[in-house]
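Paired with chain B in one complex and with chain C in the other, chain A is shared by the two complexes that follow.
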Partner chain A sequence: MIAACSVIIGIAIWQLGYEGLARTYYFKAYSINHFFASPWQVIQTFGELYRSGELLRHCYFSFLEFVYGFSLAIVVGIPIGFLMAVHKKINYYLDPWVSCIYATPTVALAPIIMVWFGLGIFPNSLVVFLGAVFPILLNTYTGIKSVRENLINVVRAFGGSPLQVFFKVMIPDATPAIIVGLRLAVGRAVISVAVAELFGSEAGLGFMVYFYSQRFLPGPVFVGIVVLVVFGILSFLALEKIQSWLSPWYTYQLQRQVYRMEVE
Partner chain B sequence: MSAIGKIYRSHEKKLDAAISVILGVILWEMVDSLMIHNPLVLVGPWGIVEAFISLLSRGVLARHVYATFVEFILGYLVGVAIGIGLGVLMALSRTARDILSPWVTISYNAPIILLAPLFITALGVGIASKIAIVFIGAVFPVLFNTYTGMTTVDGRLVEAVRAFGGSRRQIFFKVTVPGALPLVMTGLRLSVGRAIIGAIVSEFFGSRAGIGYLITAASEAFRTAEALVGVVLLGIGGYVTFEVLKYVERKIAPWYEQRV
Partner chain C sequence: MEIRASKLVVQNLRKSFRSQRSEESIQVFEGISFAVHPSEFISLVGPSGCGKTTFLRILDGLIPHDDGEILLDGKTVIKPGPDKGFVFQESSLLPWRTVMDNVILGLELQGVDNSAARKKAERYIALVGLAGFEHHYPHELSGGMQQRVNLARALIVDPQVLLMDEPFASLDAQTREIMQAELLKMWNHTKKTVIFVTHQIEEAIYLSDRVVVFSARPARIREIVKVDIPRPRSLSVKRSKEFLDLADHVWDIIQEEVLKSMGREREEGVL
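On to the complex of A and B.
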């Protein structure tokens, strides 16, 4: 309730402040309207971009890149994380590479990837993949590693097969951590989509932002950011929903522990 | 044999890592020089080292590293100071929390990096726009983690101190602050990554120096080796800062159990 009030009042202050500023000398002198837009202008721009179909086209491209890159990151990240967790040798061999690349800001590779693969959806998806795969991989690893040993022993003691151990214990017990990894990865993937498109592409929200900011039109820039924020929040909520559906036993006690994993 | 086997087993992890890195580098070099010999497409490790030496000897590298370092450190320090301050304020005051929390949540999750082109048009291609973007990248993880750390301190500890007649002040300094420290440190570490991304991406768009500038300028001129030197340097820089902060964390909060 108070949160909603705070947002509304904040937006009102932004709007009024902008209009108040627009009457002053400094506004013209520093051409502030080239860098900053009022909420009302953002809404108007949104309407214009929506009606012309431009916004949907950009959203479509960005969404495709996100989906391709993110799915590939899941398909690659979860199995490798799992293998690293259950097989000591694989872990020892892959660990230096994973931690090296994880420490590198992968968006820095975007210009080089453009040189290698050109412009378009595929290279951008690759940047998204690089950004998203490591949080997923590392959280799967941590999740499987921290599966409670006594649960596995119980299933084994009662004659459970390795397959049963895998499906009945490991997967369910690791699910919260994996989902935290997915959540982290969503944030990184959104940033990667944006940066990859800012760079080299013919469409997409990042492209839209860059295109208009170079023409000193701040309205579409803010529209692009708002759309990505809404997308980020929606996917966050969706993952939370999936989490409470897949692992309803996940409680507050675990939360801080997993939160720590999340931020590692 | 058994002696070697014994040594191998006692340092298995480190030796395997070394073997893996050496094998990987040799394979990479072999693919580069025997199969795909095209400096546009693939650059072997030796090519990167050569480019590094050449950049270093021309004095170009030092200039770029220095520019990025200054942007990073100024934006990061201001971000950390303000982030911790606001985080503590939000944890202590209900009003501040209610007012700020929606904005913080939105900004923490928003790809604010998209504002970079706008900042550059507003503040110019100089250092000011980069510091602003690094600041925005660094401030929210610290803020968020300081706040989370201070509000999720174990309630039983607070009750214990209170039961033995501890004052509010004592609770704050003896329980809340030490309890929050590990998460604050984690926030500092997270911020490093975001701050580096902020510095690099803002240099991509308009700058005259910096590692991000080096990467774009080199890849636009199809000098892939030089661009990869930039990426490798960033990786090393990120890794070193990360490890230093981890070490500091272990020193100041040794009671906090390491992750599994």
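On to the complex of A and C.
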């Protein structure tokens, strides 16, 4: 309720600010429509782009990059994170490389990836993959590493096999941490989609933002940004739902920890 | 030693740990031997840090030992299994499972049919007084209730011996007293052999047929104190002269051991 009010107030300030700026001396000389767009104009532009089919084409392109890159990040990140957590030697071999590539800004890699693979969905997905894989990998690693030993001992004490320990304790106990990794990765993946398309692309929301800003048309630029933001928020919320559905007990424990910290 | 009539026999058990900081190994136990009769309730007490918990885990087969032998019903214990039920110290319930799903864990791991396991679990949940809470999650239960679930989970596999590692340590004093009385009732009902580790001398004496007193590290058995208080014991037994004398006696031994180990540590420059 308060959140909704806050958003509405923010949009109102945006609209008023636009109206105010348009009346200044400076913007009487230069048309304000080359620099800013009001929320109302953004909505109008959204309608136009939607009707012409241009917006959907860009969304489709960006969405594909997101899905390919993010799926690949999951398929690669979770198993490697798991192997590094349970196998010391693998950890020794991979750790320097993981830290090294993790520290590399993927933005810096995007241009060279374009050089190697050209323009298109594949190189962009690769940039998304690089952005998303590390939060997933590192959180899987931490999640498996911090599986509670006393819970493992419970299953062992009943004569449980290593496989049973894996499925009945390690997976469920690590799930919350892995989902936290996915949630962090969603944000980075959305950023990577935009960055990859800024550097070179033929379509996509990032491309759209770049294309129209070069032509001094702020309307479509803000449409692109707003769609990216909404997509990011929605996927973040979706993962939150998945988390409370997969491990409802975890949300409770988290709340209790926070409560304890406040009490102490 | 009367091996044949005993449920559980420990012979000359030895264990040392490699210290993490230095290469030298730390002797935890040297030459521990004792025998437990069927359906006997035994408590282990000793100065803190003497390795009671380690000892219990070795009995279960969770930790390997260096030397000596453990026989359960005449068979050597090598690994954990459903012939031993372990009740862990603090909350060791799987937080993503309901009471019911926690209790059937042992049966599930053995591959028992799910509906049969559930039927059996209902009986054990009722036995520990938690009927109606089958579908609650551990975080919805109080500490005392969680330990009841723990107990039901250990009992359902029908173990030959019940190993309990300070199960009531984290409970408040009132709940602990109630749980002690309940445990005795259940023990009377199931006639299990119980080995109960605690740091509470009172608790050990109240529950047990015999109390095994460990020395400071490296742990040996200082004394096995027989508790000749008739059963069933009401809580008021704890105020009888007999009971208090026994508690004083055990307390004296432990105090002596604690002082001894403190003196030794002072000599070694640890303190």
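Following the convention adopted for this analysis, the second predicted complex is superposed on the first by the 245 of 264 C-alpha atoms of A that agree within 3 Å, B and C clash if a C-alpha of one lies under 4 Å from a C-alpha of the other, contacts with A are read in each partner's own complex, and residues count from 1 in each chain.
Heads up, the rule we're going with is that contacts are C-beta pairs under 8 Å (C-beta built on N, C-alpha and C of every residue); 3 or more make two chains touch, one makes a residue touch a chain.
Keep in mind it's a predicted model, so treat the numbers as computed, not measured.
In the superposed model, A:167 makes contact with neither chain B nor chain C. Look at A:151: by the touch rule set out above, it reaches chain C but stays clear of chain B.
Between chain B and chain C, more residues of chain A are touched by B. Of the two partner chains placed by superposition, A:60 touches none, neither chain B nor chain C. When the two complexes are overlaid on their common chain A, residue A:122 makes contact with neither chain B nor chain C.
Of the two partner chains placed around the shared chain by superposition, neither chain B nor chain C is touched by A:40.
Residues 256 of chain A are contacted both by chain B in one complex and by chain C in the other.
Interface of chain A with chain B (complex): residues 2-4, 6-7, 10, 34-36, 89, 92-97, 99-101, 103-105, 107-112, 114-116, 142, 145-146, 187, 190-191, 194-195, 198-199, 206, 209-210, 213-214, 216, 218, 221, 224-225, 228-229, 232-233, 236, 256, 259-261, 263-264. Residues 12-13, 16-17, 19-21, 24, 40-41, 98-103, 106, 109-118, 121-122, 141, 145, 148, 152, 182-183, 186-187, 189-190, 193, 196-197, 200-201, 204-205, 211-212, 215-216, 219-220, 222, 224, 227-228, 230-232, 234-235, 238-239, 242, 259-260 of chain B are the ones that touch chain A when the two sit in their complex. Across the complex, chain C meets chain A through its residues 60, 62, 79-82, 84, 86, 88-90, 92, 94-96, 105-106, 109-110, 137-139, 157.
Interface of chain A with chain C (complex): residues 150-151, 153-160, 164, 168-169, 172-173, 247-250, 252-253, 256.
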